[in-house]
Every structure is written in C-alpha cells, then in structure tokens.
C-alpha cells in the first residue's frame, strides 16, 4: 500500500507540473485515525496531502461529472471507480479525452471501527481497474468471490408476507436523505423522479408508502446498471441493506438475459435498453 | 418502524388502549388493467361486441402501447389502493409499433420479480399478451384474475395509510 | 437527591404510564431516541445518539391541516395531536439545540403553534456527559457538557446513581412524582472531561464572512454529494418544505424536513434557482451554521455534537472548515485565490 | 379549477339497459372539476353533438368527458365536433361504458359502479389535458402496390387513372396472379383471360404504372406520406429493353422444368414465360434450373438471341423509392391439403387434384387445350367427384373459417365437367351450398339442372380400385353410406394467406390474425385500412373472398389512396412525445428504444445559470414519431413525455380509480 | 370557515390560511391575470400596507407568495403570471371559485420616509404590480409627493400590464410622467424600443430629492441599479423588493435567507445600501 502512495504522489507531481492535468481527484487523511475524505489537488504543493491506504472507501467516479468546463481531470481509479467512469462515458456525461485515469489494483478497503475488510470489498468481483491510462502497481489475480447472492436467496426463500414485513421494516426506517442516490454512479439524472412532486411520481412525505415507492423505483432504475460498489449501503445513515436490492436485480438479469457486468466497457447497452426476439416468454 | 408508529405502539402497551380495526363492508376487488390501444383494448371491445360476460371488478386504462406502461404506474396503482394490476399488450411480433412490447416484456419480466421480492403475491400483478381478436382470451384472463384476487382478499401491501 | 441506577427502569415505567418517554435506545444498529416500553434496554452510556431527539419535537413529516372540497366550497381543519412526552437522557449539546429550535419557532413575530404545543407538553431530563466521543467539540461553543442549559431536570452521574436537580419550575413540579424512586445523597465533584477535539471558534464568524468569495469553497463543495444526511442528523437544522397529498376531493397539507444542500431547495417556478451550484448551497449551509444564525439570534447554530462529521458520506467535516477558515484568515489570505470560479449548476 | 362537462350517453338501450345512467350522471356531479353534467339518448347523433356544443357555450366549459361507447369508435367523431367549438379537440376524454361495461356485465349495480369509476377516471385525466395542435407533414404522391393479382392490378389502375404514379411489385415473372390461371368465372361464365388480360395489358402499358416483376419488398422505413421502401429487383438475366419477346430462346432451351403455373401438369423451359398472355410478355431465366448456372454449360439462348438480350452476369438490384401510401394485395394460396388429409390419398393419387389444377385442365389455353383428362393416364374421365370444404370449416385438421368462393367455383366446375364430357356424371359432396352473390343461386340451380348430383355429406375415404377411385361418404340426408366410383376427384381446398404476407405485415407493422390474414382496422367500418396509417389492404390478402369482392376492395383501397393524395400535405399526429429539455441529461437511452428512429441526440448550446454550456439534448422528429411512448418508459428522469398520455394524466387516472 | 379541533389557547397556526372566494378575474395579458379575492362572508381577507405580500393558493395544488397589487374596501387583488404548476392552476380560477389566502407578510414601502420627495418608479414585466402599490399610494396622497415618473418596460407590447392605467389614467395625473418602452418591436407599437436601463438614462430625469423604486427580473435589477448610480442617485434612495425569495412568509422554513437577512421578516423592501451589505450567495 505504502509504495503505491509514493508512486501516486510522484506521478501526481509530474502530471500537475507538466500541465497534462488541471487537477487530480484522490483521497486525503481525515481528522480521525482510519478516516479519509476525497481530495482535489490543483497545485503541486498539495501533492503531499494525497494518500492511498486501506481506508480510501469513497467512490471517485462521480466527482468529475460536476465539472462542465473543458479542464483535464486526473482521477485515481480502483476497480469500482473504473467501472463507474465507464458508466458515465456510456451515458455521455463526460468525454473520455478529458479524463486521465490512474489505475490502482485494490486489495479491498477496511472498516475503520472493526479493522476487517469491508463487506462490499469482500464481495468485489473486479479488483483490477477495467479502464485506465496508467497502472500504478501490478494487476492482482481476481480471487473467487463467495456467493454474493446468499442474502438475496435467503430473503427469496421467505414467504411473501415475511418478505413484505422484512422490507416494510427496512423502509420504515428510511429518512429519504437521498445519500444513496447522490453517491450512486448510475444516478446522473438532472432532476430525479423523487424530486418531481408536482408531476405526481413521489410525494415529499416520509411515510412508509412513499419510502417504499422511493426504494423500489430506485431499485428498478439503478439495479440493472449497478456496479456493486456497495457505496449506497456504506453511506446510508440508517444502515439499510440496500445492496440486497441491487443484487436481486443482478441475479434476475443474469438468469433472464444472460451475464451482464455493468460498466465493463463504455458501449454495451444495459439489459433494458435492448431486447432479443427469443427472450424468456412468461406472458403468453 | 417510523416514529409515529412506535409512539402509537408504546401508547397502546403502556396505557392498555387497544385500537379496533373496523370490519370492511362487502369487499369487491379493485383491479386496474393497463391495456394497449391496438390489441388488448380492441380485444376487450370485441368481447363487448360478442356480448361476452366477465366480472365487473376490472377497469381498463387505455395507453397507446404496452411500452408506455412505466412500472412506476404499477406501483402507484398498488399504493393508491388497487388489489390487482394487469398489464396487457399485443403478442411480441404483432406490436402496432413493431418493437414496443419487446421492451415491455423485458421490463415486466424484471419488475414482476422485484414486486414479488418485496412480498406481493404473484397473482396480484400479471402480464398477458392478448391480441385484438382474442376476445375469449381477454375474458378468460379477467375471470381468472378476479377469481384469484378475490381468493387472496384485499391488498394491504404498499398501500398508503387510510386508503 | 440521588436516583439509584437500579431504580431507573422502575422510574421510567412509572413515567411511561402517563406520558411517552423517549430514551436513547439502540435499534437496528443505531442509537436514537425511541419510546420506552417495559423491558427495553436504555443506552445511557454513549456520548451521543446517532440521531438527535429533534424528531420528537419537530417530526420529519407533520400534517398542518386537512382540507375537503365539496363542489365549490372548501373546509379546512387544523390537525393537532399531542401527547405528553418526556425526553430522558438528553445531552447538553441536544438541550442547547432545543433552545435554538425554540428561538426559531417560538420567537420573531410568528409563533409556530404545532411546535409550541409539543414543546409545552415535553419534559426534558438532561444527563451530564461522562465521556465524550472523538468527534464531540461542544466546549468549543461554550457548552458545559456536565450541566447544559435548557433542560427541566439535570442528572449528573455519580457512579452508582444520578444526582437529580430541578432547573425549572416545571422540573420541580415533575420531581414530586419521582420522589418514591429517589434517595438522599450528595452531588459528587464533576470529573474533568478530556476533549480530543477543541477549536477556537471566537473569530469563525468574521473569517467566514471575509472568505465568502474564496476558492476554498469550490474544492470543498466538489466532494459534497448534495444529499441531506448532515441536515437530517443535525439537532439544530430546522428548514422545512411544504406540500400536499390529495385523495380526490379531500387531502392534507404537510411540512417535511428539507436540506439546503438539496438541489431543488431554493428552486423557484420556471426553474430559476438563486443557489444553482453545490458550492453556493454548501457555503450557505456552513455560513448559516456558523455566522448568519448568530447575526440574527446571537448564538451559533452548531452545538459541536459532531454527528455530521461521523455520518457525512464524503467525509466533509465542519470542524475542519472552522480550522481551515481561521488558518486561511490567519495567513492573511483573504482574497488569495481566484474569486468564485464560474461554476455551473450540478 | 377546470370547468369540465360530463355527457352520459344512453346509446338507445345499449348502455341504459344494464347501467343506471341517471346514477352515473348524479355521481359525476361531484367529480373534481366537473361543473356540468347532461344525459343524452345518442351522444354521437346530431342532436347529441348539438347538445354538447350548446353546453360549451352556455357554461363556458373547457374540458369534455363523454361516457359512451369505445373511443376506438367515436373519438374521431367527437374530436371533429369540437373543432367548431371553443374547446380544443384534444381536451376530450371518452369513458368506454358500453363495450367494456354495459355489454359485458349483467348485474346493473356492478355495471353502474364500474361506469361511475370509468367516468371518474376520464374526468381526472381530462383535468390534466392540454390543448394539442396538428402540424403539416410533406406527402409523397406515389403509391406502392404489392402483389399484382386482379386486386393489385385493379388498385394500381384506379390510382394511375387518377393521375398518381404507382409502382406495382410482383414476385412472379408475370402479373395476373390467380385469376389468369382460371378458365371461366362465375356467375357469368365469361372467360377469365378475356376480362383479366385486357386489365393486365392496360396495367403493363399504363404511363403512370411502373411494373416491377420478379421483385420483392425488402425493407421499409418512415410513415404515412413518407414511406422509404427498398425493393429487391431480382435478376431476370434478360434485358427487357432489348428483348422483343420473340420466344426463340424458349424453344431452344434444353432443360425442362415442371411448370408451377400449370400446377405441375406440364413442363416448361429454364427460360420461360409462365403463360402465353404473360405481361410483360418477355421471358425470364430460372437460375436454379438453367444449365448455364447449374453446370456452367449451354448458354444456347444467349447464342441464338437475335438482339443479344441475355446477360448471365446480371445481379439483383436494390431500388430505394419514396411512397406516400401502400396497397397490400398479396393474394392467397391453397392449403397444402396433402399433409392434412391422408384419407384422400395425401397427394399420392395423381387423379385427386385441387381446384386450381382442374382450372388448368379445363382451360382452353391450358396444357390440354381444355380437354379434361385424367392426369394419370390422359384418358377422359366419365365420372367425377368434387369434395367441398377440404380444409375449410374444419378447426381440427384445417382452418375454422369458410373460404367463401369454393361453393360457387365448385358449381362452375361441375357445370363445365358435365358440359365438356358427354354422358358424364358429377357428384358433389357438400356440407352447405353458400351462394351469397348476385346471380349466384340461379347459377347453382342451373348446375343442378345440368344433372350434377349434390350429396350432403363429407367423403370419409378415397381408395383406388381397379382403375378408378372409390369415394366413401355418408349422405346425411338419407342417412346411408354412399360409395361413388370416380375417374377424377377434385378437392375444393381452403384458401390460406400467401407465405410472404407475414413478412410484408411485419415490415409495415400490420398485425395478422391467428390464421395469418392481415388485420383490417375495423371489420365493418374500416375494412380496407390497417392500423398502420397509409397502408391499405385489397383482395384475399385480407381474407378469403371471390373476384367481385376482391375488385370492389381494390377500388376501395385505391380510393383511400387517391383521397389521401388529394390533400396538399398531411396533418401530423399531435399526440407525440416531447422533450422537457431541463431534465434531459443526454444519455441517449431513448434513442435505441424508438421503433421509428425519431429521436436523435443534438449537441446544442444552452445558458445554465448565465454560463454558456454545450449540452446533448434529445430531439424528437415530430414527423416520424407515432406516439407509442416507448421512450417515455426508457427515460428514468421522465424528461420525455407523451402528449395526450402524459405521466401526470395517467397518474391522475390511477388516483381517481382508487378513491 | 376554519373548524378548529383543538382547545389550545394560542391563536391558530400561522401556516393555516383562510378560505376566501374569487370575486373578479381580469385578463391583463396572455399570461398575466389579476384575481380579486374576498372572504366567504364578504370581508377583506387581511389589511395590508402597500408593499406587503400575501399567500395565495389553490387547495389541492399548493400556494405561492404574491404582492397585494391593489386593495379595496372589502377585497384585495393579486396579479399572477403563469410560470409554474401552481400559477397554472390559479389561472384556471373563475369568479366564485374558493381559494386559500393568508397574510400580510413582509415590511412595506417606506411611504412616510419618502414624503415630500420626487419619485421615480422603475419596473420590468411582472415587476409592475409591486411598484404599483406604492404608486397608487402616492397618487392617493398626491400632495405629499413631488414629481412622479414611471419608467416601465416589457418584452413586447402585449406583455405590458395595466395598459389602461399606463396609457389612459396615469398620464393625466398631475405632475406625473409615464415612460414606457419594449424590448422587441412589434407593428402595433410606435413607442421606444429599448432596454430599461439605457432607456432610463436616456430620459435624463432630474434626481434631486428623489427616491427610486425598482422592481424586476435579476438582469433588469442589476442594470438599472447601475444606471441609477450613474445618474447620481445615492444607494439609500433606491428601494427594491426581493419578494421572489419568499416562501413560507413567517420566517421559519429557512428558505428566504440572503446572507443573514430573512426576506420574509426583514424584507422584502430594502434600500440598495442594505442590499449591497448583504453577502450575495
């Protein structure tokens, strides 16, 4: 980990100096031990604030999208960030030539309180960045992942009422802070359905019914493009098991339409954007 | 559980007051059918032309194509008080707009699994391909759906309080 | 008087028979104020609950009035439902916050009666802090963790019990009902608390105003997601939005928490938005917390509880903002850096 | 609030019988936004429409709900009515309380509740309607007729006579279709060639008709008024400009092939004209059987052609043309009875033939110059058995429907057989004799007078026995089993759609019924139109029928096309998608979903908070968009919405239903 | 009337409106209408001072803040431009429809402080109604004020509001001069075609002892306040209203802050000096 940080700083200094980058997005240390926070470095002087350790949990793929200018942006990308960048490119939110991607193979981040590897990293299927301009450190061999859909299968095995009660209890706790939407790399809409109260999609009330509407519709919108980066679960202040929604979608998509890895490249259309004539037929 | 609900429970437990659920009067299922204008709606009209008989619990909502059915409408229907939702369209390959129902098929294949994952009984949300000439199939679909949902009883899942 | 820790549950059960007693409880992995029911574990050890007691006084969604329209004529009906409630085990940072909410809702020309009724029916039992969290910095705002202001009854931990003292008339009146559970005893000396985080917030207001146009805000706001976590966990945030829910001819108008970091917070008709970019929204949040509110009400709207530090998904830290702005001010760099970079709505 | 008027129709007793219309009207009074309610016996009638217009004036209504029959029936009528009132024709919603309510529910109580719900849904939807306006689309005044049977030819001639250019596409080497194969036509018994070939020649020579034989439609894009059709002109290996049609090459060609036109009775050459009166009267080379292609030898025809018209190197040509309207006249085929009726020999007995083969036998210009002979040994048959409804009206083995024309041409065949062969006997096994046309029944009576014996019953089995075929059947009138020895058996087999009709249907978005016939828009009210605007049907492509009906339908389709071409330009469909630019993030999800390619991503410059920014925004071609709404479901931030069926309107309808 | 179902001693919740009815609707332009409102029993919904605002809403669609553009014995009038979902619903109101109203909110034009001064009223498009309340007050107490100038412009002729008063009534008022310009010419308009600020400066009005009252869109406000400064009007003598920022009206919802000022409580009327002092977010 440590020498990766050194090479990252070294490369950052060079790239900023020779003007290939207007600024670089990475992480810096937070106030407390084991806490990090994203960092935008514009000048060489700040390069020493740049860090790379086992607590860099934030997904950086969404940050460059806010910059609508023509500046050249450097982004440190691990497996999930790289797929996030691919998703943004597929959705036409940013041009590839404005990005300079520093790829880092990721061994998985740790939870500052417990010290163990985060759940989302244990279940990560793409530790190596799928797209990068430069690779810092050599590619890791992708370890087999334990059954990611175990929890989904468990929920599916419950009876209909038990499933309803399980999810009703989960969504009764939701406070609609929309952190899961704002962190998600698939959510780049200008005005989200949940902010369109006048149109009638979703009221502003935080009742169980509105929370369920929010949860299910977000599952429907983002699920088929989910990168399984686990950020929604990390940022949820109420600790709701949101990944079990996306995992369910991924499981169904694999079963029905064949393997689809979101963000593996910046061109394959997502499952619901195209069809096969011989798709599964259940409605005759 | 939301705060109000917790407060209500706590009040009940501590002050021993039981909140009585009033018995619903003769309940009739309320089923909404999103139908595509060119096939199923025409099939339903044909069923009318042939004076076929089917239960009166289904209300048809006409849309240009089954591709226009945004799954959010389905959830909205359940939330506002429907007991069952039907989405009907032309048979794949027969769509008046040629590819509309291919996308619907994929969308509904997934969405039906999501709602089941959230605990809704499969009979409550069904999708059927019914062409403009299959009046009989339309009637049978309505009869079966009404029967199934009457058996299941009123739907309280996803429903807004007081609906 | 001393309340022995073993008698705590009996006291709570007695209180619970007449009012809803909100106590800090750990539910689904988070500590928050939830109604006490027989046998529920009370979590008085932690420095602060993850979610503040704000929702007991200013619920996230609250119906203002119901309306019904028959043909042309309309009838409105104000909905008010309040039950007696007791907030038990409130820290000084939260009682300070409740005072700030009181100032907002109960003063300045208009009195919010919904809040007023809840506030009048609430007995606040504060509990002195024994061992602050890593992110606590209430002392930086002159708050005494052991004995905060704004509570009716103050408890101080004395090892095997709590020293009980009434701070307000209402407190003494409520204490009569407590007497069967209390025993004689003296208040032990308050232990010295060590704060890992202590800041000098004296000139934060001026330095913020000076740095209003500084480029610091661009880089800071770029990592902000624009979600509402900080506002919803903050004990002093009080902004709300109003909307209505129709059901044919009837319906109700309600208000619900809003966050100034949301992109549609200040959206007007015709898509005109005076604060179009994340930078202006985030800057406005910190300015309101640390400067604007003290201009109007005389005290900072941040109580130093550190909840937003712990929960911000992007790791934005208000204590770092205070430190950075005072260091930027110190370095005499008031106009250093380009003026507000021409940012674009995001 | 909006000022909505609700009008409840009785439709005579169609609605009033099983829906309490007064209760519906009463309930409509307190729907949100409703300020005026009225009932009427017939809303679609003149007085009914007058009542609406008057109410609009008096009460200043700005939205109308009509609870009556299906919108598919009278939506256009009511919209036309609104054009001369102050209310925009699209501020109208129709509640279908007849086909989907009064006609299908016996119980008046339930029917009334449903009618009230449907009316409330319509009122809730109309509350969110916005006025819509049509715009002009350019119109290409050239027609495409697919299939050059009598229906295709008639339609092409009518359109061409009206002065509009027509392209007539036929996949066979010559036009004429099925009719030119026939000998005589009922009921007048005038010779089929005498009435068909003049029309063929007229079509062949008409200045406005561009004939494309041996061609097929390959690809179609666009919409009414602006179809872009790619036609594959298959190689004929003969240059029609040079060829004089002298027929020298046909004589010299060494390879012999069974003639499809003569139903296999005779042989034809690899370079051939299907029949003498073919139009265009020039041969084509059948590449699959021509030795030049199969064994790369011969080429005799090229050598002896005096005008050097033969060119073996010719390739298929793809021709792209613009059309304003299309008439589909792909005709019919006969059911492959061999696979279905093993009891009649399954096609193995040479003298058990279908009706078209009999037509070739009896045809004066046919292979046998009109002498009816037994295909097996060429002898003149003395007794003939004709079996009707082979494959028709037989849901288990064949088709459920009646093929309409067989009874009449069956009688004609019997008449011809008896007349041509002295002292012959003709037995006709029938279930019913249907003679629904003018002069039809008289024709059938004459056939009986000629001595044809009609036996009511189906033939159960046919088996050969010493030189003739024993047809075993039951005479249901006498109840006895009947055995008839026949030298020749003619089966009147069922009509089925042409194989290629399915593909044509798919190309133009025209659906087909379960038997494969192309679906007309409405069986009674719009028999020649399809649900795809600008595409019309003529002849047996739409269903089994005889020549008079086919010609009538062809002229009807032609008049529709002429009517369309008389407009200066077309009015566009106003109920199309629109982009709410502020919400569009330029992701392009909608572009791939649109079946008409109506959506493109445009890079445009917009001011965002007084900063100029280049943004990709979806742009909808209002001409191409047909209003299917597929894009609105694909766009997750609902930047795309569909006029007439906006998200708000639909959500309101759902809310109204669930009160 | 309001059916209060609680026995609390405090007065009703300030967020709860009164039910009133629309008694008259006048179409000012294609997208601007004025609605005259009265309580159900025929009284004025609330007394107001020119410059104050009221909350005007349609019951199941929402409510918005509008300046009280005119008031009478037993009615008040709101002038509403159709820009969003609620205003679209308001525009569908017909006389007799019932609406919800509450107010008054905000401070008001400092009519007394301006006594004895000349007045220049500058407005753009839908900015005229707030300015008109003050203008009507000055005309009502004509002797208290000196020369009055009205500089009003809109994008096209058909967008000019209160045409009758603009062209017929006010020009005849003593010592009052009406200057109207449009941004885009149209054949039925023969007057000046200029943006407000250059038009204002071109008039060369005398600014001694003059107070300017300014209200319009953000661009108009920016350019005209600069123009007034060029003309030598001091910042304390320029008054403006930031009523667009108001939302709940009672200073609780936190929406209306510009810097530390709450427009609902401290404004909406400010002098240019006060506006300059605010931190412009």
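By letter and in written order, the chains are A, B, C, D and E; residue numbering begins at 1 in each of them.
Quick note on the criterion: a residue touches a chain if its C-beta (ideal position, glycine included) is under 8 Å from a C-beta of that chain, and two chains touch if they have at least 3 such contacts.
Not measured: the values here are computed from a predicted model.
If each chain is reduced to the average of its C-alpha atoms, the one that sits nearest the average of all protein C-alpha atoms is B. The chain pair D-E and the chain pair A-C differ in C-beta contact count, and the higher one is A-C. Distances between chain centres, each the mean of the C-alpha atoms, put C farthest from subunit D. Between subunit A and subunit C the centroid-to-centroid distance comes to 31 Å (mean Cα coordinates, whole Å). One simple way to say how far apart two chains are is to compare their mean CA positions; for subunit C and subunit D this gives 72 Å. Inter-chain spacing, taken between the CA centroids of subunit C and subunit E, is 37 Å. Touching two or more other chains at once are residues 32, 582, 593, 608, 613, 634, 638, 647, 651, 655, 659 of subunit D.
Multi-chain contact residues, meaning those touching two or more other chains, occur in subunit E at positions 60, 84-85, 97. Among all residues of subunit C, those that touch two or more other chains are 60, 69, 241, 243, 245-247, 344. Those residues of subunit B lying in contact with subunit D across their complex are 28, 30, 32, 37-39, 41-42, 44-45, 47-49, 51-56, 59-65, 67-71, 73, 76-77, 80-82, 90, 93-100, 103-104, 107, 131-134, 139, 163. Put simply, subunit C touches subunit D in their complex at residues 69-71, 246-249, 271, 273, 276-277, 342, 344-345. Within the complex formed with subunit A, the subunit B residues making contact are 1-2, 5, 71-72, 75-76, 79, 91-93, 99, 102-103, 105-111, 113-121, 126-129, 157-161. Across the complex, subunit B is touched by residues 155-156, 160-169, 172-173, 193, 201, 206-210, 212-213, 216-217, 219-220, 223-224, 248-249, 252-253, 256-257, 271-272, 275, 277, 279-284 of subunit A. Subunit E contributes residues 1-6, 8, 10-17, 19, 40, 59-62, 64, 83-87, 96-98, 100, 244-245, 248, 250-255, 257, 259-260, 262, 265, 279, 281 to its touches with subunit C in the complex.
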